[in-house]
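What follows is subunit A paired twice: with subunit B in the first complex and subunit C in the second.
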Partner chain A sequence: MTSRILSTTILAVVMIFLIGPFFIIVAASLSAGETLAFPPQGFSFKWVLKVFEIESFRSSFVMSMMLAIFGTLAALVIGTPVSYALARYKLPLGEAIRTIVSAPIIVPGIVVGLALLRYLVIPFGFNLTLALFLAHTALVLPYAVRVVSASMANLRSDIEEAAVLLGCSRLGAFIRVVLPNIRGGILAAFILGFVTSFNQVPVSLFLSGPGIRTLPIDMLAYLETTYDPSVAALSALLAFMSIGIVFLAERFLGFSRYV
Partner chain B sequence: MSDASFLRLERLTLAYGDTPAIKDLDLSIGRGELVALLGPSGCGKTTTMRSIAGLLKPRSGKILLDGADITRMPANKRAVGLVFQSYALFPHLSVFENVAFGLRLKRIPGGELQKRVQDGLKSVGLSRFADRKPAELSGGQQQRVALARSMVMDPKVLLLDEPLSNLDARLRLEMRAELQRVQKESGITMIFVTHDQGEALALADRIVVMWDGHIEQIGTPEEIYNAPASAFVADFVGFENVFALENGHLKTPRGLVGLSSPAPVGAAGLAWRPIAVQMGLGPYQGTVRGTSFAGRTREYLLDTPLGIIKAEADATGSSYDIGEAVPFDLPIEGAARLSRFA
Partner chain C sequence: MFQNRAESLALVLPATLFAAIIFIAPVLILLSEGIRPAGGWSLAPYVSFFTTPLNLTVFIRTLKLGVLVTVAAAIIGYAAALCIVNLSAKGRGRMIGLIVLPLMISPVARTYAWIVILGRTGIVNQALEALELTDGPLRILFSETAIFIGLLQLFLPLMIISLVSALENMPRDAIAAARVLGANWLQVFWKVILPLTKEGLVIGGTLVFTGSLTAYITPAILGGSKVLMLETLLYQRVTIANDFASASVIAMILIIMSFSANLLLKRLATARAKR
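This part shows the complex of A and B:
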């Protein structure tokens, strides 16, 4: 009995710790006051509406969206064949490849960002947008490989041989038999990658420049000059977007099976 | 090309790394034959089957099918069907689409495709299940889908990997009859791999017994069962008392022992089934070490000057207790004469 009370208490504390900030931000964004504060002063939607009027938020939102979508797609285009190869063949350097592919999870983002800036952008005059795209692709790759590998693991290899004996080429068998069966895993990886990329701060921090900013970086910059609740409002909106995506994914995909 | 060598393997050799899986295999299979590749795991039977299918590349030797050399032909061009042990149905496709898979790749027009798939499903009694997903079927039904999926392609040879091993006893009998019927009706050449001598004996026209990468014996079920050619085959089909012959004597773990009657000329060894061991009378003496009741018979383990002998006697006759001394005989008439002992 006491252990039950204890575990319930711990659970409650953890939940408050995790979800509490979200409620604080939502509350702060609905404030009628002029500065970011909690508890909010009064109630109003004016800061939520203001978010849509700030021009730089709009352009950086598009930037973040593009990065998240195309970076994740690129990571999947690379990661799916890698997962397939790791699952199907006993590669001589299989473990090494797995480690290298997972490295961006382990290496702090700030190091990745700095490294890209120092060794790609500065010496070669690399386009910042391209650098951002590469960075986000690399960041999402570990998630793509992990999640797709998990769904590959449940797929027997003999169905490919069966497809070949029915007339498929090896590639044909991959497209007709493997891909449809790991579709769920790929979609799950996409969602996970999208959210990861969209919320990414440290890497993007180093790879920003005039007119090239992701939304989280833009929010940071905005906070430095303007301390009004519109940032809270934007955060709340983004949080609702993430919740919506994950909810839909769970509903239609059983997202939690893959992650 | 004669019908008797519709499919021919010539000195086929295949190795994984340095360990040869099959060595210089020669085998001819006639059109319309139902052949079993029988042997313990690791004997090379599955390797042989997979190289016929084109899933493994032989190191040397030839595979000839219907007059053509298919040794280097890719698996997807061979017109060889394979029913996998795990069935390998496509989980994302309905039963109908599973069966239609190969026909669609061949761009068979819609009407004909419909008809061929439906005929295929009908021939295995699964017309009602066309819209189901494989996961919604029982193991036996899944296997019949796999069979139909291969059969609608009109393969020249149909290979089956342990077709009965994943089924329970009742289904096994059903599937056995089903396979025989399908084979008779279609006249297709079938080769199945099994480690179960009972399956091979019951189903096959001809049995190829394999061991350690080579063929030990090829024969009809009767030949394999009654007249095993080698010690390995004898042991594999239930001759549990196997001895080499040396100068007309049985070579036993405890030295040479004379026979009760003259040894047959030219035999390299002799083998007796437990039931062929005559208990209660004879020149040898044994002590009962173990006994177990097996329905109509009773089985005994005898400790004898020839080593451990396995005997089996009618359960209604006299029985012997553990520790009891029993005279027995190994009559020549009941022995299989082994032409090779290796």
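This part shows the complex of A and C:
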């Protein structure tokens, strides 16, 4: 009995530590006061509404959305063939290729951002948006390859060989047999990539310029000058967005199986 | 298995070229700046980096925080994971869901909450004042303590999840057997649980340690401009001083650390696959 009470207490304390701050953010963002405070002073939605009025948040939100969607799509377009080839072919340098496409996980984002700025953007006049897109694609590539590889591993090759024997072209077999079977894995990879890219800060730090900023970077910059609850409100909104995405993903495809 | 070499190359070429050109080449050039500062080979940037007191302080602080956060995460992680594996299957699933959830939320949002809690007029200071434990507000924000708390909250879920899966793979009756044979709880932990779950501990520990070392957001928000860690130092060196030699040295330190951590994880995984 005592051990049961002890165990409940430990779990409660850990959960308060992990999730409690999130509730405080939500409460602080519903404050009517002018500065960030908890307990909130009064109740109002004015800071939540203000988030939508701040022009830079709007444009950086669009930027982050675009990067997360198209960066992840690009990573899947080049990453899925790698997962497929690693699973189906005897590749001469298979391990080396796996290491190369997974390298972005090992190198801290801030280093990638700086390297791109200094050796692609400045000397070759790449525009920042393109550099951000390339950086986010590179960042997501390892996750795309890993998650899609995991679902390729569960797919036996004989149905595909059967399709080829029955006269389907190799590409046709891939599109009509393999793709439908790894659909769940691709979707899971997309969600994981999207969340990773959207929340990413270090890689985008150096790749920002006038009017070109991702949302988290914009929030950091806003924090340096202002102490009102609008960032709390935005944080709460973003958290709800992530929770919603994960909840839907779990509900409709058992997301956690893939990650 | 297919054998067509041209076909397989065509499949892997785009991603490999992309990673090599967009990612690996620029990073390697950046690293080379630390050993070829002015066109000639020299280790001067490394010497000057490690002989500057500020850099050394930041380097040691980063390692120290990494170790402290990992140790704290391991202790809390074991306590939490042991409680979780004793729950019913349903309760366990829910608990793990709740623990994974914060990982999906923007780290900026998660870290920002601590400003509300630890700030001058934050909850902690209000409580301390109400209890009349302190004269005037404590300065918790913009200190190592604040960074420690922020990092621990950010990375604790990774440790708990690793330990839960290690404990789940442990023979169920090992603990009971040790108890019956007269071991006290400390002995059970030290002689039974720890050896049987050390792989999970290493995996969780590596994730927490590298995560802490390469953290940017936490020190940027909770450390301010004075209490720097390696990544915030790198950012400052570049933006304030245009000092790419130091940036290259810091990049090398960060890459070596996370590369060795990854190597360790890979060896663990292959060792397990062989068993």
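By our rule, the second predicted complex is superposed on the first by the 245 of 259 C-alpha atoms of A that agree within 3 Å, B and C clash if a C-alpha of one lies under 4 Å from a C-alpha of the other, contacts with A are read in each partner's own complex, and residues count from 1 in each chain.
As a working rule, contacts are C-beta pairs under 8 Å (C-beta built on N, C-alpha and C of every residue); 3 or more make two chains touch, one makes a residue touch a chain.
As the structure is a prediction and not an experimental result, all values here were calculated from the model.
With subunit A as the common reference, the superposed partners subunit B and subunit C fit together side by side. Within the superposed three-chain model, A:101 lies in touch with subunit C and out of touch with subunit B [touch as defined at top]. Legend: residue contacts after superposition of the two complexes on their common chain; A:147 is shown touching neither subunit B nor subunit C.
Touch criterion not met for A:132: it reaches neither subunit B nor subunit C. With both structures placed on the common chain, the touch criterion links A:233 to neither subunit B nor subunit C. By the touch criterion defined above, A:68 reaches neither subunit B nor subunit C.
Of the two partners subunit B and subunit C, more residues of subunit A are touched by C.
Of the two partner chains placed by superposition, only subunit C is touched by A:223; subunit B is not.
By the touch criterion defined above, A:169 reaches subunit B but does not reach subunit C.
Of the two partner chains placed around the shared chain by superposition, subunit C is the only one that A:205 touches, whereas subunit B remains out of contact. Distance between subunit B and subunit C in the overlay is 9 Å (nearest C-alpha pair, rounded to whole angstrom).
Within the complex formed with subunit B, the subunit A residues making contact are 156, 158-159, 161-169, 172, 176-177, 180-181, 183.
Of all residues in subunit A, those touching subunit C in their complex are 7-8, 10-11, 14-15, 17-19, 21-22, 24-25, 28, 36-38, 78-79, 81-82, 84-86, 88-92, 97, 100-101, 103-112, 114-116, 118-120, 134-135, 137-138, 141, 145, 157, 170, 195, 198-199, 201-202, 205-206, 216, 219-220, 223, 231-232, 234-236, 238-239, 242-243, 245-246, 250, 256. Residues 53-55, 75-76, 78, 80-82, 84, 86, 88-92, 101-102, 105-106, 146, 149-150, 153 of subunit B are the ones that touch subunit A when the two sit in their complex. If you check the complex, the residues on subunit C that touch subunit A are 1-5, 7-8, 11-12, 14-16, 18-20, 22-27, 29-30, 76, 79-80, 82-84, 86, 95, 97-102, 104-110, 112-117, 119, 121-123, 153, 156-157, 160, 214, 216-217, 220-221, 231, 234-235, 238, 244, 247, 251, 254-255, 258-259, 262.
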